[in-house]
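Input: a single structure, listed below in structure tokens.
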């Protein structure tokens, strides 16, 4: 019974047109051109590499897109159990007329050609969005992105700040900051000014969120200016910083960002828990992992200091979900945000979604974002989430608590769409 | 099939009359008088606040009870997904003739009046206990509670010791201790004497447990007296203590409590993992959270040093459940104790209950306590637990392992009722 | 429907003849002789002790085997809920004609005698393996095991290295090392030589893996020789070492083992997270527990430094499973290895198996090992795993993703058997 009911609810949830509140889409090249764009997604290259494919075969310079796909396909039979390959097969079936259940050395070339043909249609981007039921897509913009040359009503700017917080010691980052703001900062005050100019620029271009990904060891605090001044001068002198000195600068920049979020009424997306370059010999974008020994208690000062800033929080470690549920249940400004990266598989989505729906106010849950790099992935990733969500709605709410289907669907609609509008202040929802 | 079977088992489990082994009931005002007493439970105020209700609206001084309920009801539509609001609706349906599925601005006043009428009946307390299937209720008594003016056979005293362990540096705590014991302690020896007098007093009044809630950083040890003397003198002089000095005093008092538990054959309830006042601007009792980076390895010395003391252990972080299962599986004196606070939602109860029933001796599991402040909550909270338990018994034991329903129900009865009697030494079980 | 399907798949999975890739079998006395050998398994003694049985009753010197079983049986009614007692009953039913559902003071003697009679048959070892569907069994060999006197094609040697890494400071360990290698090491260089001789010896005798269990605090690194020299001289002088000095020696020996694994193309089984002797008054082998605050980030250097060594990783804390999934998804040389000890119960196996099948390449998953001390346990333990696995295959793959039963079974076969062959380089698979 619950399976049938879940399918009924799923069919209804599929009809909701969505806003995707976090992606890495390049708005100037949003859709794929070949299957190589699609299978170049780090999930496939890293899993193929992990399963035994040499990195050199994947990242050979000048490799022809079709040849690259052919090579990756050789390893798909080692990965066909993964949900990531399931996304791939499902999207090929939906968009490219693929009819098989597996992509193999026998059938991939035809698929490649069919896909290339489809994606060559001039309105493929529009078609893909339409078929995917997506009308707006949040971006991940470098702080010095000019934000021109694309429709900021469809592709919503989001100010990504990892470089500012964690890499200000790199001369090229400071150069980019100076170029973007016309301010060569020399102290904490002018650094603040420069960051403020970034916000002004982004706000002018319809920015709807500030965002950052954060390593497990980081704990936001408002450092004394006397703690920051010396490290900042070392940076300006290109002297190497100790770990602690770098942390002081990171804290200062982070706190400054939160202040500007308050000033501009911008939500600040926190993506908590990633260690970068744990496996430096991994493929491109397949090098990051995590340390699950992290706690939201590290964010206590931040959440208390900025009651007017909404913090949509994503956690990388699945075990952090209970803390996220509990902090969102207590702090008015903490919101649960989707299922991120290593937690983005049905086993963990289902448990985490279930707990959130049981204990977090319904207006404080952003159900899902795709995190995609190419538009074709919105549909299979949201579909995976919708399947988990419809199962939880069927089992826990309709069967478990006697809700009507309409009531359950209203809850589903709110976490899938409604809350994205209210939390990020979308006007056209 | 499993759904039907679970319902059958549930119906049988509902017939078991229970002892609630941990609550915050005031035995001199155990039942509610109005819906404001019920909706004043911190779950509703903190969730309403989290969902957007200003604290000032909730905690306005002198606010009329009915007006307060009316205000909270305005926010219930943001919370109706939560299991906590489900408790509320269920208890209103059970006790107050409420027939709707939601409490709304349209129907709340009638419910308020009906409930007030019902609760004004002189025997409401008895009726509520009877309808709830509860015959004895453990309390949470301040160490200086006179324990008079109520029936200690129905309301079982429990010596709560947080103040002694963590707040002895506060002059008012020491004043209360002196008043309760007629001992103004001046050193470790007289402090021990004073604590001993508390135990004597409580034992005389049918105490069945000593209890404490503990922050994640605390690790019980038996400190050398030389480590405790100086901090204790500082306390007596009202000098401020360092974190380490306070920890030495906490360790000493904690260890002393365990010694008296051994002497008096009292179980020592440990509720592990809460950080107090993480969100100091939260509503009353809605300010505490946790840091999941805690381990029962911190209790190794304690469990080894007191083999004759039974430690019913509750953990706040759900991820601690596997450690709890494993420590209860190995240590004869460690007992699993219910599902506490942020872990007390069906998603986590079900998993945790399942693991315990698979790996902990059946005589070492206390299934549930309500943790309630008002009697009306025993029924919906135990009902939530019974639903989880009956599902696990149906799926894992009857279907999975071929147990008879009678065998499964005997296991359910033992964790719901039998173990409370044996572990806390109840005579009238 | 999913229950029926799971049963169908289970029946097929039961037909696969297996290699058990980790046990503690003594190949010179592999099978049990009486029920005392079987019920002497630490699971039964530690659970009986935990449930209230005095240690002295269990470990009385000179206790007759039958009397010991009689004593343990008195406590089984406190443990009959546990999955471990379920193993016991199931194996008695399968091997010894036991027809009841519980072992009781009434029926145990007949069972004891029947079992003894059966196990006295001269080919019981062969019968047991055959009935269990096991054809090869990995051992856990002390580093100074002569590896003679048994069939190393059936009982596959595995070099266990805990003593070398963590107990080299004990004179008896060094004495055993000298006796096994004819090298009395005097410095890092000759210590390396001695360890090298162990590998040569084991490789000559068909070793298929090196293995170690590791406490949560340990973090492998390649220490500078200057850090190791002084601690090593202290060891040779039988001087006590500080914790840090011991850690340097452990790091050095560990790193040396990994180097020899690379040289000899041996997988290095890592069993991560156990604290030894947490409960020193526990029964034999019932004293170890864990601290879940551990991360695979501690193994970052190791995984990067030895890309040619395969590391089958087992984790003791269930919460470590997501890290294990993620590290196996990214690192080509990290493989998921079974469900270890306190994580080896159906609740955790099911979740962990589900997550692995969703996100780790299928050629990098070792489904299960029995960890048994006596042959009779392979069947009930693998059976428990097969039940979990068949349920996941039914629900997630056949029903959830539309796989054929044949496809699902091929996946099951690969994690149960195929990967053991490929990962450990078995020739006769």
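We call the chains A, B and C, going by the order they appear; numbering starts again at 1 in every chain.
Convention: a residue touches a chain if its C-beta (ideal position, glycine included) is under 8 Å from a C-beta of that chain, and two chains touch if they have at least 3 such contacts.
Computed from a predicted structure; not experimentally measured.
Fitting chain A to chain B on Cα positions gives a rotation angle of 120°, stated in steps of 5.
Counting every residue number used by either copy at the chain B-chain C contact, under half are found in both chains. Separation between the centroids of chain B and chain C, computed from CA atoms only, is 39 Å.
Counting partners per residue, chain A has 293, 319, 351 as the residues that reach two or more other chains. Those residues of chain A lying in contact with chain C across their complex are 3, 46-47, 49-52, 78-84, 86, 101, 275, 278-282, 286-287, 289-293, 317-319, 342-343, 345-348, 351.
For chain C in complex with chain A, the touching residues are 1, 293-297, 300, 303-304, 307, 319-320, 322-323, 325-332, 351, 354-355, 357-364, 396-397, 399-403, 411.
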